[in-house]
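You will see two complexes here that share chain A, one where it goes with chain B and one where it goes with chain C.
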Partner chain A sequence: MLESIALLLFLGLAAGIGLGIASRIFYVWEDPKVLAILDCLPGANCGGCGQAGCGAAAEAMAAGRIECNVCVVGGFETAKAVGAILGQEVKEREPDFALSSCIYGVGEADPIFTYNGATDCRAAVMLYGGSKLCTIGCVGMGTCVKVCPFNALSMGEDNLPVVNHDRCVGCGTCVEACPKNIITLSSATRRITSEYVTDECTAPCQRACPTGIDVRGYIREIKKGNYEDALRIIKEKCPLPLVCGYICPAPCELACRRNLADKAVAIDPLKRFVADYERTTGKQIQPYKTPSNGIKIAVIGGGTEGMTTAYYLARLGYEPTIFESKPQLGGILRHAISEDRLPRDVLDHDIKGVLDMGVEAKTGQVMGRDFTVDGLLKEGYDAVVLTTGGFDSRQILNPAFSQQGNVPVAGVFTMLDFLMALSRGQGVSSVKHAVMCFSGEKTLETARKLRGSGCDKVTIVADKPSAALPNELRGIHANPVEGIEVRPSNSIVAMGGISDHLCRIMIQEVNEKGDICGAQEILDADLVIIPGARFPEWVFVHANGKPETPSDELKWQTIDSFQTFPRDARKGIIGAPEPGRMSDSTAVVKAILSGRRLARAVNQYFSNGVILPIEHLALEAESIPDVTELHHITTSERVLPALAYAEDKTEGGAMQLREPLPAIEESDAVKEAERCLQCGLICYKKG
Partner chain B sequence: MITIDGQTFSFEPGETILDVASRNGIFIPTLCYLKGATPTGACRICLVEVDGARNLVASCATPAGIDMVVSTDSPRVVKARRLNLELLLSSGYHNCLVQDMEPDAWTDLQLKGLDRDEHKDICPAYGECRLQAFAVKYGVKTGRFEPKETPYVFENVNPFIARDFSRCILCGRCVQACNEIQVNNAISQGYRGSRSKIVASGDRALKDSDCVFCGECIQACPVGALVPADVVFKGHLRTDEKKVRTTCGYCGVGCQLNLHIYEDKVVRVTGVEQSGPNYGSLCVKGRFGYDFMTHPDRLKTPRIKRNGEFSEATWDEALDFVTDRLRRIKETSGPDSIMILSSARITNEENYLAQKFSRAVIGTNNIDHCARL
Partner chain C sequence: MDYIILIISSLLINNILLAQFLGNCPFLGTSKRMDTAIGMGIAVIFVLTIACIVTFWVQHKVLDPLGIDYLQTVSFILVIAALVQLVEMFLRKFAKPLYTALGIFLPLITTNCAVMGAALLIIRKEYTFTQGVVFAIASASGFTLALILMAGIRERLEISDVPLALRGTAIGLITAGLMALAFFGFQGMDAALTALVRS
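What follows is the complex of A and B.
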């Protein structure tokens, strides 16, 4: 008895000593902060932060490898608690949530076979990519539902995933699991900066709309009577819905699939209906705005493009200020489009919507007279965006072509301005190296004039091969003349300068299609002459990434704002027409697209440092699955008239374009919305 | 009955598709169509699709037919209109915001314009041009066709009307307005093909022709080809003008006109097309005779001739002076030594008062007025 007790005591003691020694030898020091952080984290181990689990995330946060606001489950509260432990200031993070894009389930979409295998999407797509004819459609096995750690997903009646937005935290587990990329994460930034790509379910109207409004989405909401939601969907992509409702050329209606059967849905009048609803009810509806980041941007030009850029920058958390030369914002909308077609109270309503988004506007400010680009950068703006509009904006501004005292963009002249300055006898002084973009017949003549006025060297840069240039330029390319050099197949891709001087530019070789792909070269240049009479959409930033201290000299450079285009359509930073050129004054919707892309470029520059092109753009893709005939649909007459600038009915001539447009009845609007086929890529509503 | 865009309408024999559509509030864009004149079908902007017809038809010139099914904005129609607008925009010097060409081609176009005085400024019709309006409305993309040179030079030798042939789209509205509305028969279509031109009296300047400068053609011109001579270089946008509707003071007809005001000055006068008696037409005086309003020589106070020189006086002084003199003349020489001449520019009521004054106060039948237009 005693023996056995003693033995057990001994064993216990030995084990205790052994463990004690082992714990000393194998001791691992653990940061109390990690434990404290781990206590704050929700413990879902979802991986939404990009780490292996909450433990790994806590370590990474403590080590400073990731921001303390990355936990998508816990949100801002958790981030604040973690921040308190780490003694960091926490920035609010915009919420993300999952969004399913497929709208026709397996039951409704056209099948190619019946699938009876394992009920898992990942297994189902291994057989010819799923049972649907549509190559990008949901296969409906609910794998996303099974993997969701928060029970935020469920399968709806039509075998499509339904997201419960109260539960969804945006961890992205479902996005990883879905083999068809149907579920994507959605946040305001993602929605603003995204464009329709080829492997996305888009309706023909959406693809035809330059701004990319989710047409079927807003018509669906109108049908349900949710006019506010409908307007929110429109304002996601279009800051001027009422203006568009009045004067948009409505390319969407030409693309409408109903044209194959009867007449297009009255898409544009429906937009006007919901926008009018906002105006008449006085409820201002604004889409989500991300938390502020305190970056100040100057937007020069208060036309459609400038207002759009500022609007999206404000939504992305920036602090934009518009500088407009006229006493009121509006640009072409106010000064070129007659009041009969666009009543000014309509315009003012939309402008108010833009300003209320957090955009500041300074009117009566003329570029070159009241401010210059380098001056604004010195004043503390982090970037200056030029949206100065078409050639006629300058003529509207200076009918008599009066020369302003300062050059608005250091060292840059437009060809017309420069020739006019020369003709007035205002030569260029102390220019060493001038760079001219090829600007038509008078290029060489101007180059010679430059030489004559004391310029050491003139380089003519053309984005065309030498064979496409005029004879005399080709001759100079073959047999160089002293002081004039021709560089065919090259394009200017960047400019940089110090204070109010231009210092250097970068050129890059282009291939025969005009795509930039070759070697880069940096040239010292103090004068650049660009074709036309308009400044392209340039974005100027501080060269060292942040504002200089007052004692330092300002160093500035341009960013590659045109990079937002697919690579195979780039032509450097000197505006070329579509698809290389951003702005387009031929339609308000095109200017809105340019404005949004500019905001995307600025945002990418400030958040990632690099601007990535948009690949597989659906708007410019040539072949996208589509249908050529409609089956099993009921034809119906269009309820709303084509946007009728109804001519004067009673008396007078056909000369006057008449306003006001007839108000649209709610019942008519809903009836018309019901005509929408709610098209997918190849699906549409039948019956 | 005729079906237009799915709606069925009744019509009178002789009505065109455009008549029926605009009577019922369906919009068909037009450039050359001029109400009240024979349709020419020149611009091909009012094209519509008629079921069963091989080609698109011009709605302004096609009579409505029984059981006709018309579509005014089908994709085919819009495509055709776009092409027509594109061709019109390339037919001459349209340095407009809607132009969308390669920067170097664009520079060439602008430099060509700058070589000539009349094109240094922005187009005078900017903001009011129907071609511009439709190009924006239909989202026309240009740049496919090279802009065509116009062989005719700018004509600004006339007193009131400047003619810019490089902006003329040859729609013929001015010809219709001159020959069918005003019936002055001063201008007509001349030459052929690419040398077409609107000519006056065998291609002479307007001032050497039968033109009476009523300006009906200016009002009819949908683009910036015909403009009042003095506004060509005024350098402000028409959209910045304020319009004030008033009645013409030149005679008793009572024409309705719009005064276009910019910076508190009348810069242009147009007729009000929607209402009578003139329905947009004006005479040379009503349309161009507005300079006197701000003329420095204009009298602003009464003047009395004292010691052989006019000196400014107050209204009381002047009226006392006139009453006094009239009374004395009547007393010394009798009432028939006075004659009253009233004006056609004042109202009926005022003319009535004038004759009452003449007969009852002065006591003479010597009363007449100047209505001898």
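What follows is the complex of A and C.
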């Protein structure tokens, strides 16, 4: 008895003392911060932060290799706790969430074979890319559900993944597992500025709409009677739903798949119906916003494009202010379109919606007379967005060509203004180096006039190779003439200046396809002549990224906002003949698109510092899978009045005027909504 | 020759998992993924060998001389537990990569019945020290083998159309049973092998 107690005591003591000594000998110093951080982390080891589990993340955070707000599971609370341990201030990170895009499950979509193998999407896709005819469709084996560490996914009745947004933390495990890219990570910001890409399920109407309204989405809600949700879906992409409902030339209806069977769904009148519903019931419906970030943006021009830019910037948390020269906002909509087509109370209703989103407007403010770009930057605006060009940039006051007095945009003139000033006998005596874009035969003549009026040097920048230029210019390129230089295969990509002087121009080489990708060069220039009579959409910011102290001279530059435009328009900030512009005045929806892209550029500049083009845009895709005939659908006559478009269904035909539309009955609207086929890329509702 | 028979016997014929049913908990718990199974297997080989060496010494130098055999189980538990702690500290100091690789598995197997069982079997079968070490390594390898086989099967089960009621542990246990049946085929082979060698 005693023996055994003694033995166990001895063994226990020996082990205890041994371990005690060993713990001293084998002591490894560990950063107490790592342990403390590890305590704060949720321990899910999901890898959503990009590290190999929470332990590795804690070490990386303590070592300062990663930010302390990268944990997607813990969110802001965890980030704050970690920040407190490390003594850092923590910026709130916008939460990500998973989004599923396929809308027709395996049961409903057209199959190419019946799959009977292992129940794993990755296995199923190895066989001819899945059993569906649609190449981007969900194969429905639920691999995403199996891999989700947070049980946030489930397979719905139609065999499509359903995301439970309360549980989803945005770790991205499902995105990695899905072989079809059905599930993508998104965030409020990315959703607001998103454009359709080729590996996304889009209906023909959605792709045809320049603003990219989720047409099938809002028609589905109208069918269910959820008019408020329908309007919310429209306002997600279009800040002026009622205006569009009245005057949009509705290219979507030409693309409507029902045209293959009978007549297109009355997409635009349905939009008008829900927008009217908002106006008559007085319930204002606004889509979501992201939290405010306090960045002040001046938007110059209160037309469709300017209002759209301001609307999106407000939704992205900025504080936009519109500067409009006329007493009221509206631009072309107010001053050029007849009241028969667009009653002004309709316009006012939509403008109120834009302003209520958090947009300030200063009317009766003429650029050049009441304010200038550098003046606004000095006043404390973080960026100035120029959206003046809808019909005539010369609304901007261009007081004197002699560069005395108030110059609206330092060192920038339109060719038309320059020629008119010359004819009045005004010269450019103080200009040392003028840069202009090649815009046809007139260019060289203008360059000579510039030289003649006292300019020391003129550089003509052309985005074409020298072989494609007129003989005379080619000659000057080969044998330079004094004072005139030709730079073929180049584009102007940025301007920079100090206070109200333009100082430099950055040009960059373009390849044969016209893509800007070559070497950059900075020219010291103090004058830029824009071909034509309209100002491009430019965004001016403080050159060193932050406002100067009052005593410093203001340094400013433009950002490469043209990166957001479609590839064929990405020709630098000044192009020819319609300089670097996206919006023309052919349709309100086109101006909305370019307004949104400008907002995207501004947001990318302030959040990442770089503006990236959107790759694989559905709008730019050479071919997108589509159907050429419809099977198994019941034809039905269009309930709502048809558009007055001509028989030819070409792009030109789509831009025709429309007869004024009478008010729409609710029952008619619902009946018309039921005609919608709820198209996917190649799927549609049968029966 | 005897050693070869000993190895074959403890690796296949008397497989510690599938013939003696020791260590079923980690067998089901860590066989869902191949990399976990391999990690666990290596950790078991490592710990089991060291544990057997130390318990052999405790048995022959402490318990036997004092004549208190009945304390075998208790003292073995104590010794193995302390040992694993020590090994963990040692690895952490001098072999950080191995420590990170074995990770959670080291403390997990502190009181694993496969480790305990092997230590007790060495004493019961009255092996010499060398025989004991060989037996320990071979048994642990047998454990690893079974675990990896199981992981391979379960990775396939994961994507197979298993009836709802049988999903998870249920189908795991059925699989384990079927594997044990397969290993049952080795039974009696040791006697035949011995006879073959002797003749």
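Please note the rule applied: the second predicted complex is superposed on the first by the 549 of 687 C-alpha atoms of A that agree within 3 Å, B and C clash if a C-alpha of one lies under 4 Å from a C-alpha of the other, contacts with A are read in each partner's own complex, and residues count from 1 in each chain.
Criterion: a residue touches a chain if its C-beta (ideal position, glycine included) is under 8 Å from a C-beta of that chain, and two chains touch if they have at least 3 such contacts.
Every value quoted in this text rests on a predicted model; they were computed, and no experiment measured them.
When chain B and chain C are set side by side, the one touching more residues of chain A is B.
Looking at the shared chain after the overlay, A:609 reaches neither chain B nor chain C. Once the two complexes are laid over each other on the shared chain, residue contacts for A:425 go to neither chain B nor chain C. Of the two partner chains placed by the overlay, only chain C lies in contact with A:26; chain B stays clear of it.
Of the two partner chains, chain C is the only one touched by A:118; chain B is not.
Judged by the touch definition given at the top, the superposed model places A:687 against neither chain B nor chain C. Looking at the shared chain after the overlay, A:254 reaches chain B, while chain C stays out of its contact range. After overlaying the two complexes on the shared chain, residue contacts for A:327 are found with neither chain B nor chain C. Taken in their complex, chain A has these residues touching chain C: 3-4, 7-8, 11-12, 15-16, 18-19, 22-23, 25-28, 118-120, 123, 146. Every residue of chain B that touches chain A in the complex is listed here, in rising order: 5-7, 18, 22-23, 25-27, 30, 33-36, 71-75, 78, 95-98, 100-108, 110-111, 114, 120-122, 126-128, 130, 132-133, 135-143, 219-220, 222, 235-240, 273-276, 279-280. Residues of chain C touching chain A in their complex: 58, 62, 66, 68, 70-71, 74-75, 78-79, 81-82, 85-86, 89-90, 92-94, 156, 158-161. Chain A makes touch with chain B in their complex at residues 247, 249, 251, 254, 259, 262-263, 332, 334-339, 341, 390-392, 395-396, 399-401, 415-416, 419-420, 437-443, 530-533, 574-578, 584-587, 589-590, 637-638, 641-657, 662.
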